Structures are given as structure tokens and as C-alpha cells.
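Each of the next two complexes has chain A plus one other chain: chain B in the first, chain C in the second.
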Partner chain A sequence: MIEVKNIYKKFGRKKVLNGVSFTAEKGKITCLIGVNGVGKTTILNAIMNLTPINHGEITMGDEKISDRSFEKITFIPDAITMIPSMTIAESMQFMQDFYDSWNQKRATELLGFFKLKETEQISDLSKGNTAKVNLLLGLALDVDFLLMDEPFSGIDIFSREQIADVFSSHLVEDRGVIITTHEINDIEHLIDKVILLDDGVVLKAFNAEDVRENEGKSVVDVMREVYQA
Partner chain B sequence: MSRYLKLVNFELSRFMKIYLVLIAITVISQITGIIVKSKGYLNEVHRTIYGDSISKAQYIEEYGTITFMDYATSSLWFLAPIALCIAALMFYVFFIWYRDWFGKNTFIYRLLLLPSARLNVLLAKATTILLLVFGLVSIQLILLPIENNIFKWIIPLDFRTDLPIHEMLEQSHELSVLIPRSFVEFIIHYGIGIMAVLVIFTAILFERSYRLKGILMAILFGLLAIVIFFLQDFVELLLQKNYLYPIEHLVVRGILGTIVIGLSIWVSNFLLNKKINV
Partner chain C sequence: MKINFNKRDPVYVQVVRHFKEEIATGILEPGQEIPSRRELAAKLKINPNTAQRAYKEMEEAGLIYTEGNLPSKITKDEAVLGAVREALILQAVDTFMTTIRPINVPLDEVVDLIKEKYTTETNGEGGGMGD
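Take a look at the complex of A and B:
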């Protein structure tokens, strides 16, 4: 389990995170939702130790997240993390060289799933295909947790559908996923847990299944209630 | 192969195209230069001998002979590519970090998320710079005897004075900085080089961690490194006394340099693990 405990973050005088706490369990999809600038990406960066926090604690299991954790947790940012001049094959080779958890069989399967060509250069890829390569490089690692930052941002509807299909496939399996998005429609039916954020605080955290079954509402309905209030 | 060595290999391959271009420029410029300058010298000799109607012996008596180093240290053909390589590597000390942050490139995410100590990223980049320098120096060492042979092939024996390579290096101040004359000099020259690279890397990490405030911190860290490294000189200047023998001076300088290197690595490790911002 990933536990984010009461984290605070300031950029200069601007408070971005104001005591955010939540947990994300293995085998579940946790979705951080909020408009641009509420601190979604900062939370993911903080979990991966890419942005220092001013206060609070983030743990995976009982341990603080460090470089030793990166065989068990991976981050898929909204931009490609490989050198533009590399081909997809070279990017996969890089991952294989550096990660013991790299699963070549799954990587090959993902290549076919996303209909990508190994010989294509990263810089020549469309926005949609870049997002798919990013996803491929993260999903092909045998990790317990996947962190995804806006995987649907700015890409065409067909690529969005293809990426959404990944979440319901065996490619995610029983791994824990923390995803940030404001384009909820594509994956609403797959989300287990929702964290609604505004102004660096958690406005509401709820189990999506409970809301669907007990209150007969969709995640979007709850979002409307909370944000419009 | 450890992840550190894999990173070194990866960093080297990223610079390889530019590096090969630098080597090609050096080889072409220096060999073209030795041919052009030697031929030019011979033309000048012929012009003088036939113009003034003097004998070969009279010419040599009046103008003397030339050595290979006369050409090497005075010719832009020879010195300009060396200067270009030095400038390119100095630029690369900064670029090796900033290229991973700026533009479309977000490779720094990948580097910082590797499942190995983040310090390996810094050490791999520093090792890469060192290997690139050694590579260029090696190329120069290979080129010197080749150029010397071309020089001998073009200039007749009567008009030149031949010197062994090691003596040529001793005579040239410019080359003796790059190619030290003794092991101690090697340690001093390249030790200072490594120290400077690590201090600059730490300064860059200050800037990347604290941005605008970080620039000030980087400058202060640079000044602190200078103060530590020259501490004995400052103390002696202040007290107006020289307490140490030259060999003791060297040992103290070595210790102070090691302190600066250790401090840079420790601060960089702290910044990479606790303060870095992508």
C-alpha cells in the first residue's frame, strides 16, 4: 500500500499542497481528480521523490520511497521520458539494461497491442503514439504500483480508447494504479477509488463502487456535487 | 555490468557523434597545418636562397634551423583545434546536465527514477567528461609522432633540429598542461580538473534544486570551494610567513583538494536525494 500522510508543498509563496492524505492499495485504481493546477502532478512527483515536500511522509509498505523502491513502483509522466533521437527498440533496450523488473515478453505483447513499430524514432511519433510508448515502458516493468500522470491528455479518441482498454486488460493485472486525469469519462467504470482535489486539499475521497451501488450515482455526478458546491 | 558502468557507456554514446567530429577536425587541421606550414617554410627558404644568392650553409647560419615545436606552438592549424576541443568540453560540462531538463527532453525523469543510487548519475557524468578528456589527449599523443614524421619528411635534415617527443613536450608550456611531464604533475593537473568539474556539477544541482535562489547558492558554493582549496595560501598571505616546504605545500594542497572533492560529492548526493526538482 502507498500511504500519503499529511503532505505540504510550497513553490515560493504559493501553497500547492496543504495537508494531503490518502492511501492507494495494490490491485486497485486510485484516481486523483481536479482541475489544472490543484497539485495532482506535484503529488505524483512527491511520491517518486522528484519534488521535495515541505512536510509530511510518503511510504510504500512500511518503508520510505527511495531509489531501491524503483523496481517496485514506476512513474509514467505525461511527457516521454526517453531521448527523442532514440528508437522504440533502443528505449526498450535501455529499460532492459537498467531494470531487473523489465518483462520483455510483456513489452513485446504491448508493442502488438498498441500497434507500434520498434524501428520508429521517438521524435517522429504522434502525440497518441508517444503516450502509448510511455505507457509501454512503464507497463512492461513487473512493478507493484504504476503512477500515471494525465495519460489521456491531448490525444485522439482512438488512442484514448486503446489506452483505456489497457486498464481492463491483464496487462495491468493485480497492480496498484494511481492515475491523475480530468478526462474521467474513458475510465470512469474502471476506477476503484476517487480523490477529489482542490486548492491543494482533498475535498472528498470515496470508493467509486460504493457510490455507484449505494447512491446510484456516477463519479461525474459526485464531482458535480462537490465542485459546484 | 553495474548500472554505473552502463550509465557511463550510455553517456559516452550520447556524445560520440560530436566527439568524432572534434577528433576529425583535430586530425585534419593539424596534419593539413603541418603540410601547409612546412611547404610554406621551404618556399620561403628557396626564395631567400635564390633571391639573396646565398648558399644553404649561409642561410642556416643566418636564420638557424627549425624544430617541429616551432611550428606546433605558433600555428593556429595546430592550436585552434585543441582550443576548440577544450571549449567544447567546457560547454559540455554544463550541457551534460541541462540537455536532460530543457526542451522536449525530459530524460532527467528517467535518470532520477533508475533503480540505483542517484549519485551514480553524477559520477557517471563526471567519469564521462574525464574519459572524453583522456581520449582527446590520447589522440594528441598519437598525432604528435605522426606529425613529427610528416615534418621530417617535408623539411630536409639540414634545415631542421630533431627532438624526441618528450623533450618537445618539456619545451612547450601549452602542451605540458595537457600532457603532464610526470606522474605527480598528472595527479595535480587532472586532480584539479576533476575537482573543478565536480564543483560545477554541484553548482548546477544547486540551481536545479532551488532555481533562482540556487544560482546564489551555487556562486557561494564555488567561492567556498576556492577558499578551501587555497586556504594555505590565504593563511600564509595573512601571516606574511611561509611555514611549509614545497613538498609539504603539495601534500596540504592534495588534502585540501580531496576535501573539496569529498564535499562536492556529499552535497551533490544530498541535493539529488532530498532537494532536486524536475
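Take a look at the complex of A and C:
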């Protein structure tokens, strides 16, 4: 389990996170929702120990997040991360050389799953295929947690469907996923937990099936109540 | 197998309802093997935890059973199967009632209309020729 405990973060004088707390379990999909600039990416960076937080604590299992956390958690960004002149195959090789946790069998399966051509160059990829390559490179690592930053943002509907299919497939297996998004439609049926953020705080956290079961509300109904109150 | 999910009922409830419909209509037969939880999740594009929950509910209700490590199967229990069919029929009638009641049609007229509709549609299906 990843536990984010009362974290604060300032960039200069701008307060981005003002005491954020939530948990994300293995085998569950946790979705961080909020408009752009609400600090979602900052939270993911903090979990990866890529940005120092001003206050609070993040733990995984019994340990505090550290420089070695990348061995157990992977961050899948929403932009190109590989060198543009590389092909997909070269990017995969690069990851294999760098990470002990690289799982070549799953990587090959992911190529087929996303219908990507190994020979294609990173710089030639569409936005949708860039997102799929990023997911491939992250999902191919044998880690416990996958952090996905806006995987659906700005890409075509068919790519979005393909990416959503990852969550119902065995490719995620029993790992934990934390996903940030401001577009819930693609994954409303797929997520376990929802964390609604605004102004650097958690406004509401709930299980999607629970609000349907106990209150007869959709995730979007709850969002409307919380954000338009 | 495909379900058009609504957004306000729990997904697992909708999955169970779908199975009940397929059992009552004979698409799923008694003793028939059903997909694994993983397969069902991929097929219906739902969270594997939700598929697990739906199967747990169905197992507890006696709709499906699992022997050892074998794939789960649809029950052969006549009483359970009968109850599923009956519940589905009652539910359909209830839905019909809520729409027809406010119109205040005399019962005889409704019954005649149902009879007429029912025969035409059954014939239409059986003939399979269309218009």
C-alpha cells in the first residue's frame, strides 16, 4: 500500500499541495481527479521522490519513499520521454539495460496489445501512439505500483479505448495503479477508488461501486455535487 | 457477451443481472462453463475486482458453482433456475405495469392488446421472412 500522509508542497510562494492524504492499494485502481494545475502531477512526482515535499510523509509498505523506490514504483508520464531519434525497439532495449525489473515477455505482449511497430521512430509517433509507448515501457517493468499521468489526455477515441482495455486485462495483474485524469468517461467503470482534489486538498475520497450501491449515484454525480457545491 | 452499462447501478449488480437474463433465456445452459474472472473482466471491459465480486454474489446465490480448480459452471439446480426465470418475468411485468397504469386502460383492452402483440411478434420471429 502507498500511503500519502498530510503532504504540503510550495513552489516559490505558490502553495500547490495543502495537506493531501490518501491511500492506494495493490490490486486496485485509484483515480486522482481534478482540473489542470490542481497538483495531480506534483503528487505523482512526490510519490516517485522526484520532488521534495515541504511537510508530511509518503510510505510504501512500512518504508518511507526513497531514491530506491523506482524499483517498486514506475511513473508513466504523458509526454515523450525517450530520445526522439530512437525506434520503439531501441527504447525497449534502453529500458532493458537500465532496469533490472524489465519483463521482456510482457513487453513483447504489449507491442501486440497496442498494435505498435517496433521499427517506428519515437519522433514519428502520433500523440496516441506516444501514450501507448509510454505505457508499454512502464507496464513492462515488474513493479508493484504504476503511476499514470493523464494517459487519456488529448488523444483519439480509439487509442483511448485501447488504453482503457489495459485496466481490464491481465497486463496490470495484481499491481496497484494510481491514475490522474480530468476526463472520467473513459474509465468510469474501471476504477476502484476516486480521490477528488481541488486547491491542493482532497475534497472527497470514495469507492466508485459504493456510491453506486449505497447512494445510487454515478461518479460524475458525486463530482458535480463536490465541485459545483 | 456485451453489456451496455448504466452509470448509477453498481457494475457488479449489472453483471449479475446480465447473467440471470442469459440463464433465463437459455443463452447460458445449466452446467455450462463460464469464463474465468480475468476473461470476464477483459470481455466486458470491467475491473477484475468487479468481475470477482459478481462471481462471488452468483456463487453465494447458488447461480454458479465451482468444483476444485475447474472453471465455474452454471447451476443445474432446477429450483434456482426456475426462480431466476420467474424473477425475470415478474420484473418485466412490473416495468410494464409502471408504464401502462398511468394511462388508465381497461384491463380487457390491455390483455387483448398483449395477446395480439405477443402472437404477431412470435410469428414474425418464427417466420423470419420480415416484411
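Operating definition for what follows: the second predicted complex is superposed on the first by the 229 of 229 C-alpha atoms of A that agree within 3 Å, B and C clash if a C-alpha of one lies under 4 Å from a C-alpha of the other, contacts with A are read in each partner's own complex, and residues count from 1 in each chain.
To be clear about the criterion, a contact is a pair of C-beta atoms (placed from the backbone, for glycine too) under 8 Å apart; a residue touches a chain by one contact, two chains touch by 3 or more.
Treat the numbers as computed from the prediction; the structure is a model and nothing was measured.
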Which superposed partner A:206 touches (first chain B, second chain C, both, neither): neither
Which of chain B and chain C A:77 touches, first, second, both or neither: first
Chain B versus chain C as contact partner of A:97, first or second or both or neither: first
Touching partner for A:67 - first (chain B), second (chain C), both, neither: first
Which superposed partner A:8 touches (first chain B, second chain C, both, neither): neither
Touched partner set for A:49, first chain B, second chain C, both or neither: first
Chain B contact footprint on chain A (complex, rising order): 45, 48-52, 66-71, 74-75, 77, 79-84, 94, 97-101, 123
Chain A-facing residues of chain B, complex: 3, 6, 10, 14, 104-107, 109-110, 112-118, 273-278
List of chain C residues in touch with chain A within their complex: 5, 7-13, 38, 41-42, 44-50, 53
Contact footprint of chain C on chain A as seen in their complex: 27-29, 164-165, 167-170, 188-192, 209, 212-213, 216-221
